[in-house]
Amino acid sequence: MNAVIIAVVQVVLFVFLAPVLIGVIRQVRATIEGRAGVGIWQPWRDVRKLLAKNPVRATDSSWMLRAGPVALVVSSLLLCVLLPLVGTIPFALVPSDLFVIVSVMLIGVVALALVGLDGGTAFGGMGSSRHMTVAALVEPTLLLSIYAFSIPAGTSTLSVIVETRLLSPEVIISPVSVLALVALSIAIMAETARLPIDNPGTHLEVTMLHEAMILEASGRDLAWLEVGSWLKLAALLGLVGNLAVPWGVLTDFSALGLAVGVVSITVKVLVLGVVLSVGEIFLAKVRLFQVPELLAGSFALAFLAVTASYLVA
Amino acid sequence: MFENIYPQLIGLCAGALLLTSALMVWRHSLLASIRLLALQGIALAALVAVIGIAEGESELVLVSLLILSVKGIGLPWVLAYQSKASIKQIQESPRLNPTAALLTVTLLTILSYVVVSRVFGLGDSSTGHAAPIGLAMVLIGFLLLISRRRARSQLIGFLLLDNGIATITFLTSGGVPILLEFAFSLDVLLVVLILHVFAGRMRTKFGGTAVDQLRELHD
Amino acid sequence: MSGIGAGLLLQLGLGALAVLTALTAAPSLRSRAVGILCTLIAVIGFLTGLGAMLGATGGLRISIALPIDPLLLAPDRLGGLFMLIVSSVGILVSLYSMSSTHGPDASRTAWVAMPVFLVGMQLVPAATDSVSFLLALEIMTLGSTVLLLADHASRATVASAGIWYSAMSQLSFFFILAGFAVLAAASGGTSFTNLQEIEPVPANVAFVLLLLGFGGKAELVPLHVWVPRVLPEAPSHVSAAMSGAMVKIGVYGGLLVSVRLLPDGPAWWGIAIMVVGGASALYGILQASVSSDLKVLLAYSTTENMGLVFLALGASMLLRGYDAQAAADAALVAALLLAVSHAAFKSTLFLGAGAIIHATGERNLDRLGGLGARMPVTAAAFGIASLGAAAIPITSGFVAEWMLLQSLIHGGRLDGAVVSVAASVAMPLAVAVIALTAGLALLTFVKAYGIAFLARPRSTEAAEAHEVPPLMQLSLVLGALFVLALGLLPGPIAALVAQTVSSNPSAAVQSVGLGGVSLPGIGAVLDPLMLVVLSVLVAIPVIVSIIVSALRYPHRTVELPWGGGGSRARPRMQYTATSYAEPLVRVFDDVLKPSRDVQVTHVAESRYLVERVRVEQRVSDVFETRLYRPVLNLFQRYGIVVRHIANGSIHRYLSYSFVALLIVLIVVSL
Amino acid sequence: MSLILWIPLVGPLALAGLSLLPGTFALRRFVGVAASSAVLIAGLLLVSAVLNGAVPETGGGMLRADALSAYMISVVGAVGLIATWGGLSSAASSRTKDAASYEALIALFLAAMSLAVLADSIGLMWAAVEATTIATAFLVGHHRTGRSLEAAWKYVILGSVGVAIALLGIGFIYAASVGTDTPTLSWVQLSQSNLGLDPALITAGGALAVLGFATKAGLAPMHSWLPDAHSQAPAPVSGLMSGVLLSVALYAILRIQSITDLVIGPEFLRTMLSVGGLLSLLVAASLLIRQRDYKRMLAYSSIEHMGLMAIGVAIGPAALPSVLLYVLGHGLIKATLFVISGRILKVEGTPLIADVRALLVRRPGLAVPWLIAMAAIVGFPPFSIFFSEVGIIMAGWSVGLGGVVGAALVLLLVIFAAFTRLTVQMTLGPPANGVGFTPDYSAHGPRLPIILALATTATVAFVAEPVGTLLLQATAVLGGSN
């Protein structure tokens, strides 16, 4: 029961939070770059506008163009349900198992890639191809960092991992955990199409990954695609936040704890968002064919983390 | 009286056999080889006869007569069955030059001595001493087969080899049962006849009996 | 006679009947009649296997003229499971082939070979002594070879595929034969049951030989070279049977060795199997991901899946060696689940590819596209099967890989203590390999499905495609349902499967909730149905809002909405499978060694204006070009040189004899 | 009872005489078939007698049929029947003088082989083996072309030289028996354990005899005559030679082995035969890789199989049942293959593999049996060669010849690959001239013998009773206690 409540709270919170996060990121960037910026509510307005348009679809496009966005959104929402963001009380039968979470995330990845292909233009295919390549190369880093996190807790269930870190904070600053966290963050940057892997700002075909796939989408299709990716970013930032700074997360159920949890996760996500956008200003997008090197580096970190945690511990 | 010349007789026959074999390797004229072969047959028959008399087995004497008729007279006659004029010209041009061949002969003879001494042990019996000659003849016959180009020279080699085997069997075991002896001789005779027929066909087909022109069948 | 024995006998009888029917039936009736008989054979095999898997005993004894143990066909639980797998695929394939076969595929020869192939395949897991095992194995090989060659008269490539196939199968057959011979010599009997303790040396020899043999059957690197030639050239229902069922015989062999014949071997056995499996998984999926030929892609992905199975098998052996029993059992069950799910989705995929060929005559993804609208049923089945192959949740593939990963991350340490350095390096590496494999599999099947079924047709054949006949649709749908069922109800299935290998199955896996699976020894739970429920719950508001806005703002359809900015975007300007894999080819350039040639034709007037640019890129199998070709060429050259020993000179021949005589004489006188 | 022993000798001889009589054109072409049927019937009668525990004997102990001889004589009859029946000449062609001598020689050949397996005396057996050379000499040269003449010459020279070596060996063995107080050449007496024969003599004699008979058995390095003779002889003759003549020589080796094993133990001959077998496999493998002539291909396959059998003989009692089963299976299949090859040669007019293409599309009537027989000869089940090979390999490991057997497997793989490649080149693939031909379904000769041969080999391995018992008894005859 408590699990259900927490899940509902998380979903609602993040549906509200995700566009704000994007707004914050863009606004911070604008401010630092010396532009006025459009304010943090602009994403909300965009979504509302897009939902109120008749989508234009190609005659050859199949049901994938309609179903894909829904699948993306659903997978992101599932992330919000499963991840221990506000509280660490999991469902009995679907605990927040990291492998499950990753594969749920992959559903969204696949949906997006197929939508990109369904457009029937060169751009969509290009974006989809690059997107899948990156996703494929990220996979090892992702799973290995999960592995590294799971070792101290003795399980891959995320809520347990967060609780262990809460109970014994020295784990957090152990070199193993730091390595793993860095690796995971790089992986998440890649998964959510942020710099330095992808540049969400431009529509230049040499740089586009994510944007190229949604180029053919319009109206509500586009809206859901955007919302889906925003939710994903927010949820994953929340995860990183709770792994790095687990305090404030709700472990045993109470109304107050719930409130604290909500506030703390909001703060964590937004702070991380600011950090992210500040970081992105100083980063340039790397060439597509240097992405593997980056990912190889993160993979090395993750692998070191795992083996170290065996041989050190 | 016979007992003390018996070893000499054995030695004589054996020596004759070896000598004829070596000469066959040396001489290139077909006619000469055939004559040597006849001599060898006679020597072999004599050897058998000597052993027979010594052992007192009348059966062996019969065998010696058989050998005389087949190896001494029959086969050489068959081989030489052709106008003497044409056969005189036939000169073998062996694949192995005579000196090398004769050296090989000596080596083979030594080898056969070694082998026989190991297998039979150099018993004091004079037959035991003579036995290596048989093996040497076998090997020399083989040498002729390998080194001779003409069909009928190969035939002679084959016969020499066969004589060798006969010599060994007689010297070591006093010959096999008479019935088998007949069978063996018959087989040899037939083989020689067949080869002779083939040699004839060869001459009609290829206009010559040089065996080393038979090179059509290969991989 | 026991039920099992009756079932086996019935299969043999039906097989004979089917052969006779194929020989005598009129061409018009042949496919139907023999197809039905083949389905019957598979059904009987299914029932027999089910019985054996649930623990029914009994069998069939065939005595032969040689004084060795009589052939005994008596499947144990594991054998029953594999009989089940093989015959389920058999059912699908038989149904499909009834209406798919035509022309040379439906020839008398092909239909004679089909039941032989099926029966042979279903009898291998039933064998309980090496001779009958080899017998069934060879019958299977014979049948499949004939089926493969069905189309030899129209394509010259089929014949060479046949040569490769029979040579490689013979290679693995000889390995297996030698391995069994070593075992029989060590244990004094060909029967599997009375194998007593075997001392290390012969055990190691036998293990290596059998691993090589069954690795070859299971398409593992580097014995996989026949796969990319054979599976594409064979008729699609045959490739489905080969990849879905026949390959499992290799897996069964691996399990037979590691579980039944040579349990508790040294640690390096497990590591060796893990290395081979991992290499196969990576190489297979890499080749698959860059391939543009649909059937070649599927063929290589078979190598990948089998690699994962053996990886799991090796991991379980390694863990059992460190008596991390729970993890070991989990890994073993994972291996079995991987095999089962691969049987389901890969046969469906090959049948789907067959449907595509049936509809378009095209195998080359670069000339397909837009089939989703034209062949909806095929598209749905192929899509679900692709999800399974990509190990996406609620499909069979996911559960298996999840279980494998769980066992790996928990195998490294036993109640807090690190079991060994080897394990603590092997496990992370294994996880990394699985992860990369899974990622590339994702890309591969997104490519396969997306390029073939989505977007706009890239050729007129694709544009004029139509849905296949109902019987083929039926088997496609059945296969897809298998995939979903295995994915949604893993609990009961896993529990059932665990019985066949684990002494104490309930400690290894249990079924919880709505068909969910839990690993008590590890403490991991997964309930796909709950996951589905959750996603439906969260999906409802989204769907509702979409419906609402769809009513208010209906969508417009135009020929080309944005065209990526250009108005002249033609279908052939779309991304093709080749271009889709281009980034990967660049990333893995050193492994794949692709051969590119670019032809630029300039306009006559100016060399700065280009008229046409033609790019051709070929990715050949590294092992074939670098390992097999040189050896074969060596043999060819040797074969020419060695002819001189038979140059026709009688003198030379005589001197062979003479030398032999001299040698013998010298030897005896020594 | 003991009169049966005379049937396979007298019957064929009588028929040979008949075919030489003038005015027997109509019947002449059936002489070979009749002769081999006579041998087969006699063989089956002897087998039944042996299975009832009798050991027929006659001719003052010169002729004797224990289990092994009975089995071999039936094999000779069966293979002879397949070869002669399958190669039955047309009525028209049987009017010539050649045809008469041809049939007569075939009958003579059969009689000689029967004598070889029935004789209870090494000497008589040697004479019989030599007689087979004499009988087949003109058969090999039957076509009277230059090539067949060449083949015949090589065959006779190499064959009789080899057999002469065997005679030398037999002489030694006899000498050994003279050394004891009972000079004899009889198997039965020589293979008594308490005879006290001189080991050195038996070693030399056995070695030389085996070397000599290895020539007739087509074992390397004495094999050189075989490919030429088999490729030039008329198809039925090739079938007979490859199918049984080689096996008869192998039978002689088996008998010699049973003598030497008692005196000097198995090791010496085991080494010799293993070397010979491996050499044969090597030669076959090497020359099959780039083989150009399909009859030579079959000949080298015979060398391969004889090599494997020799390894089986080297392994000893554990493998002997497999070897004997092998003799039957290989005989029948190889006879079938040679018969079909003769038909292909007749209709295609070329012995070259490169010139025979897409046979399966153009002439299914020939290609289908050809392919089935090929599958059988490379050892696919259910044909009995599969069981023989498996049995030999397994037995080899159990007696510690793992190295030899392993090497044999490697060579067998090469042979298999080469064989498959050549067969596929001949039969499969699209026809060169595309369309414009009608598939030729006729078998160009009697179908029944081919079907019989294939059916027999496919089923015989599963007939545990009486075949299994017979094989066991035959092994026991050779002092095997398996």
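All chains are identified by letter, namely A, B, C and D, in their written order; residue positions are counted from 1 within each chain.
FYI, contacts are C-beta pairs under 8 Å (C-beta built on N, C-alpha and C of every residue); 3 or more make two chains touch, one makes a residue touch a chain.
Treat the numbers as computed from the prediction; the structure is a model and nothing was measured.
Asks: Chains in contact with chain A and with chain B: which ones?
Replies: Under the touch definition, chain A and chain B have C as mutual neighbours.
Asks: Work out which chains are contact partners of both chain A and chain C.
Replies: Common neighbours, chain A/chain C: none found.
Asks: Indicate, using Cα centroids, the chain positioned nearest the centre of all protein chains shown.
Replies: Located nearest the centre of all protein C-alpha atoms is chain C.
Asks: Between B-D and B-C, name the chain pair that shares the greater number of C-beta pairs in contact.
Replies: B-D
Asks: Centroid of chain A to centroid of chain D, CA atoms only: how many Å?
Replies: 77
Asks: How many Å are there between the centre of chain B and the centre of chain D, using C-alpha atoms for each centre?
Replies: 32
Asks: As a quick test, compute the distance in whole Å between the mean CA positions of chain B and chain C.
Replies: Using C-alpha averages as centres, the distance is 70 Å.
Asks: Give, as an integer number of Å, the spacing between the C-alpha centres of chain D and chain C.
Replies: Each chain's C-alpha centroid was found; their separation is 43 Å.
Asks: Would you give the residues of chain B that are in contact with at least 2 other chains, written as numbers and ranges?
Replies: Expected reply: 115, 118-119, 142, 145, 211, 214, 216-217, 219.
Asks: Which parts of chain C, given as residue numbers and ranges, touch two or more other chains?
Replies: 643, 646, 648, 650, 654, 657, 661, 665, 668-669
Asks: For the protein chains shown, what form does their contact graph take: line, ring, star, complete or other?
Replies: Contact map by chain: other.
Asks: Of all possible chain pairs, which ones touch?
Replies: A-C, B-C, B-D, C-D
Asks: Which residues of chain A touch chain C in their complex?
Replies: Going through chain A, the ones touching chain C are 11, 51-64, 70, 73-75, 77-78, 81-82, 91-95, 97, 99-100, 103-104, 106-107, 109-110, 113-114, 117-126, 128-130, 132-133, 135-140, 142-144, 147, 150-151, 154-157, 215-216, 218-220, 224, 288-289, 292, 299, 303, 306-307, 310-311, 313.
Asks: Which of the residues in chain C end up touching chain B in this complex?
Replies: 643, 646-651, 654-655, 657-658, 661-662, 665-666, 668-670
Asks: Name, in rising order, each residue of chain D that touches chain C in their complex.
Replies: Those residues of chain D that touch chain C are 153-154, 157-158, 161-162, 165, 200, 203-204, 207-208, 211, 215, 221-222, 224-225, 227-228, 272, 283, 286-287, 289-290, 321-322, 325, 358, 360-361, 375, 380-382, 384, 386-388, 390-391, 393-394, 396-398, 402, 405-406, 409, 412-414, 416-418, 420-421, 424-425, 428-431, 460-464, 467-468, 471-472, 482.
Asks: Along chain C, where are the residues that touch chain D in the complex?
Replies: So the residues of chain C touching chain D come out as 62-68, 70, 130-131, 134-135, 138-139, 141-142, 149, 152-156, 158-159, 162-163, 166-167, 170-171, 174, 177-178, 180-182, 184-185, 188, 190, 635-636, 638-640, 642-643, 645-646, 648, 650, 652-654, 656-657, 659-661, 664-665, 667-669.
Asks: Mind listing the chain D positions that touch chain B in their complex?
Replies: Going by the criterion above, the answer is residues 121, 123-124, 126-127, 130-131, 133-134, 137-138, 141, 144, 146-147, 149-154, 156-157, 160-161, 164, 167-168, 171-172, 174-175, 178, 183, 185, 200-201, 203-204, 227-228, 231-232, 287, 291-292, 296.
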